[in-house]
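Just below sit the structures, each encoded as structure tokens.
There are two complexes below, and they share chain A, which is joined by chain B in the first and by chain C in the second.
== the complex of A and B ==
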């Protein structure tokens, strides 16, 4: 049969957006014993790995942002940035731990008007070394009131023994998945790389499932890596 | 694998279906888990039934392609045989009010129960392998050996008659109707805010008949020129809803210009290209066409 010369039916095509948001603690304590610099290094080192994962999954458009919180909360990277254009500017540590305000800020972006229904479940990664100093419950409530808040893959990394793991557990919202405990720079790198690659990979190509399917997360997660052993730099 | 089947070219109502494996499924080695079906009593005439189903892709749904195949088969049986033969008497105008009530109260339960009985029968003939049972045990919410989960699938179907059009949907996916002038509409199905991201209602869920959404539309004027059912991989491939809805008008224009057979030949390739540049998911469509002269 003669081949038809006709454009594809429909309007503009697009891969499905996948929003990945770092939520980073920049309180004063993060400035102690090199924690903030370790976080900066770990995220910066993860970028090429994230680009590789994004390239392997052309049907997901990975868009990255970052929120920082200390005295209040601000977008560190406000624009949802395509992975290949994403650059990391160093965070600096100073002030208190207004984690609730950070969740409020993220919640504003999880409305279906800002993140359409065809998007893939977003990935939210909360990194903290301390206890919230503001209304964390209010921030979490605002987040979970958004449909994409409940559907999000929520991962938390606790830096050091002073991190409030109970609070981070509430953010995750699933008893089966605990906060990742990083007590040294090597462990932090390992966990940041895990969320940047393995979790991003799972979130980039999530297979469909029923509403009641996954008791742990909205996207099947790969095994969590072990903390780095024999590290000398202990937080 | 892709497939296409066109009903013989005749005047009046015609139908077409196509299903392609998604680009991401090709990369991962996953099969096409969608299914489609068409039933038409006589060439060119109503009644006509269309159905598409989308088997879930996550690991626990090891038999979702079978669940999807049974879903469309049962939709055809229930709509074409049970509903039409039992509830509409030849030569007697149907009581549309009563028919609508029967559809609302009876149809979802019969569809879901029939599907569940069919897949349970399949399980008795072909019990789950140890690997399947292991996945179900990990899920931990039901008796693994009797589970419906491996067969999980969505279902969209429509029954088109001279007097009424009935649309039903369980889970994600889309239904478009296109008027003769190219105007796009969607049947007035109740919204389901739970359908977001990769999660959907499903034939395999408990109490799922309550999640079946229906739209019953008496035919008062000119019927639509085109009715299109599609799995969610199609709409998810476009930047927005309007870009997807343009598919309806473009297909109608293509069929008018080049004929149903030619569009049927081209459709699998169009769908494959759309998946590759869009969602990466399997895409399946079933459409009914009414060209009035």
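== the complex of A and C ==
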């Protein structure tokens, strides 16, 4: 009998959704010294690497969204988008820093009624260059009241020296993990790439776990890259 | 993107100071980045050899202090076989701090096990089982050298979907067995439960557990511990993983504990694939994930057992006479069904079995394309699938008659059921008839229909 090209029985490996949410500061100060352009650029740079990580990770279906905040907060990418379909539209800077409202928006989407019954820990990445101008504590409380909010891996990137690191630290909620301080475009690219690849990977399948991985975090985090030192454009 | 090395940047090998030029980035992982590069200085008249170059992240070097020593040891020890893309030379750069190493480039014909479990490649069962055999053989050779791998997972194994030949990458965690010094605990889902619990460090014993998980993924396209208990978990975070893979690991097909059975709708691959394999193979996995969990030192299936088991599994493949799909011969099922095999998994009809040859306790299915290899005819021979010693052939004038052609240089002696014996000289063919016994010199095979 002729051998035929046929498929093996069974389908692709069963996997869980992994929600990844960018929470981006678009306040007026982000318009200074090219910060917002650098953020847009860093996320665009990171996307192909994120796609590669998602493709190599059979245990997760990576779904990406983005929230922006300035005067109030809106979804920049509202639909949880499969990684390979994710496209980045540039953010623009204008207005104040309503970070609390952004966390409220994220909290609504992490409610058990909005989330799938079974998932991997969500990854929330907060990027900011300033101090919140609204009720940050209320927003954080709303987020942390949701079980998926407390389970989420929360990373913060501080852009420039005016960023409110104490606030960002409260968002992270783990004393051993500090906000990543990006003082130039090169460092920002490096950190954005780290969260969108190494952290993304860890949240679904902690790859090649190191022996001293901190057991206190919900997800073992890979080592944080160093900031780029030789910067000419310092924020 | 801010890569560690840029195209056309050069590094030099540590021992001979040979120039190596970066071509392009191939990929990045948790420890560093891998580049395509070429070795050799054209200005000095060297011919240039394509190589892979791994360069470590500065922050990783800070974490893994023994890396350089471990790599130097691995380079000095040399690869256990050509299946390993083994470190060849350390390299350094005048411009970039830190170091890297060179290894052979992986050819394009190899796909990842990730591609297999995502069903982006579609090998035959024969290729898949051959890949499993090659992995068992490769880790057998690595352990035989007193080394352990420490991080067996589907991210660092590649295979040729056409032939099942494998390549094992990321050999930079390899170290002397039982010696501390790896910076790594392993990859989630593949680590042995005692490592997940923090009770043990990676060793050749924990490699055995990871190998069994990898083989289970390859053959069942599922994790052996993900059943009802996994389905109950809402957020699959580190505490949940530690419970499932470390504190309370229960095999989904544990014959004495049904608390973690696979559930339809959640674990369909395990339910679909597990029954297709012969009982002896399922028993290997059952032992790996019951006794092998309870007794990490003595309960695990050894590579030599996997090797023999996977060769036996390959020999039990036959083609459905209705649809051509590969099925596995299971003597227990045939006995239980009163002589006929289980229905074909693909067309659900009962196939007619091809002739079989019994060699001691082993059974080889004699398909139209079956080849026998040295170990079939002599148990003292090592596994070697390069040159067949016998092959099934069709009679040139009567296509109804099949035979076994002697490809050795020695004569065989064939004895038919009525007792007549005759010699089968090199190149000659003996007709496949039920009850015929063929003496191969060191071993006898009996044909059965």
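Basically, the second predicted complex is superposed on the first by the 209 of 235 C-alpha atoms of A that agree within 3 Å, B and C clash if a C-alpha of one lies under 4 Å from a C-alpha of the other, contacts with A are read in each partner's own complex, and residues count from 1 in each chain.
In this text, a residue touches a chain if its C-beta (ideal position, glycine included) is under 8 Å from a C-beta of that chain, and two chains touch if they have at least 3 such contacts.
If you're wondering where the values come from, they're calculated on a predicted model, not measured in any experiment.
S.K.: Looking at the overlay, does A:147 come into contact with chain B only (first), chain C only (second), both, or neither?
M.R.: both
S.K.: In the superposed model, does chain B or chain C contact more residues of chain A?
M.R.: Chain A has more residues touched by C than by the other partner.
S.K.: If you stack the two complexes on chain A, which partner ends up touching A:223: first (chain B), second (chain C), both, or neither?
M.R.: second
S.K.: Let me test your reading of the model: by the given contact rule, A:113 touches which partner, first (chain B), second (chain C), both or neither?
M.R.: Once the two structures are laid over each other on A, A:113 reaches no partner at all.
S.K.: On the A-aligned overlay, A:9 touches which partner chain: chain B = first, chain C = second, or both, or neither?
M.R.: both
S.K.: Answer with first, second, both or neither: which of chain B and chain C does A:45 touch in the superposed model?
M.R.: second
S.K.: For chain A, which residues lie in the overlap of the chain B contacts and the chain C contacts?
M.R.: Comparing the two interfaces on chain A, one with chain B and one with chain C, the shared residues are 1, 3-4, 6-14, 16, 57-59, 117-121, 147-148, 151, 205-213, 215, 218-220.
S.K.: Would you mind writing out the residues of chain A in touch with chain C in their complex?
M.R.: 1-14, 16, 45, 49, 52, 55-59, 117-121, 147-148, 151, 186, 189-190, 193, 197-198, 201, 205-213, 215, 217-220, 222-226, 228
S.K.: Which of the residues in chain B come into contact with chain A in the complex?
M.R.: Those in contact with chain A are residues 23-24, 28, 30, 54, 56-61, 139-141, 149, 152, 172, 193-202, 204-206, 232, 235-240, 242-244, 246-247, 250-251, 254, 258, 262-263, 265-266, 270, 273-281.
S.K.: Which of the residues in chain C come into contact with chain A in the complex?
M.R.: Contact set of chain C toward chain A: 1-2, 27-31, 57-60, 62-64, 112, 114, 117-119, 122-123, 125, 128, 151, 153-155, 173, 182-189, 191, 201, 217, 220-222, 226, 231, 233-239, 241, 266-269, 272-273, 276, 319, 321, 323-325, 345-346, 368.
S.K.: For the complex, which residues does chain A have touching chain B?
M.R.: Residues 1, 3-4, 6-16, 57-60, 112, 116-121, 147-148, 151, 205-215, 218-220.
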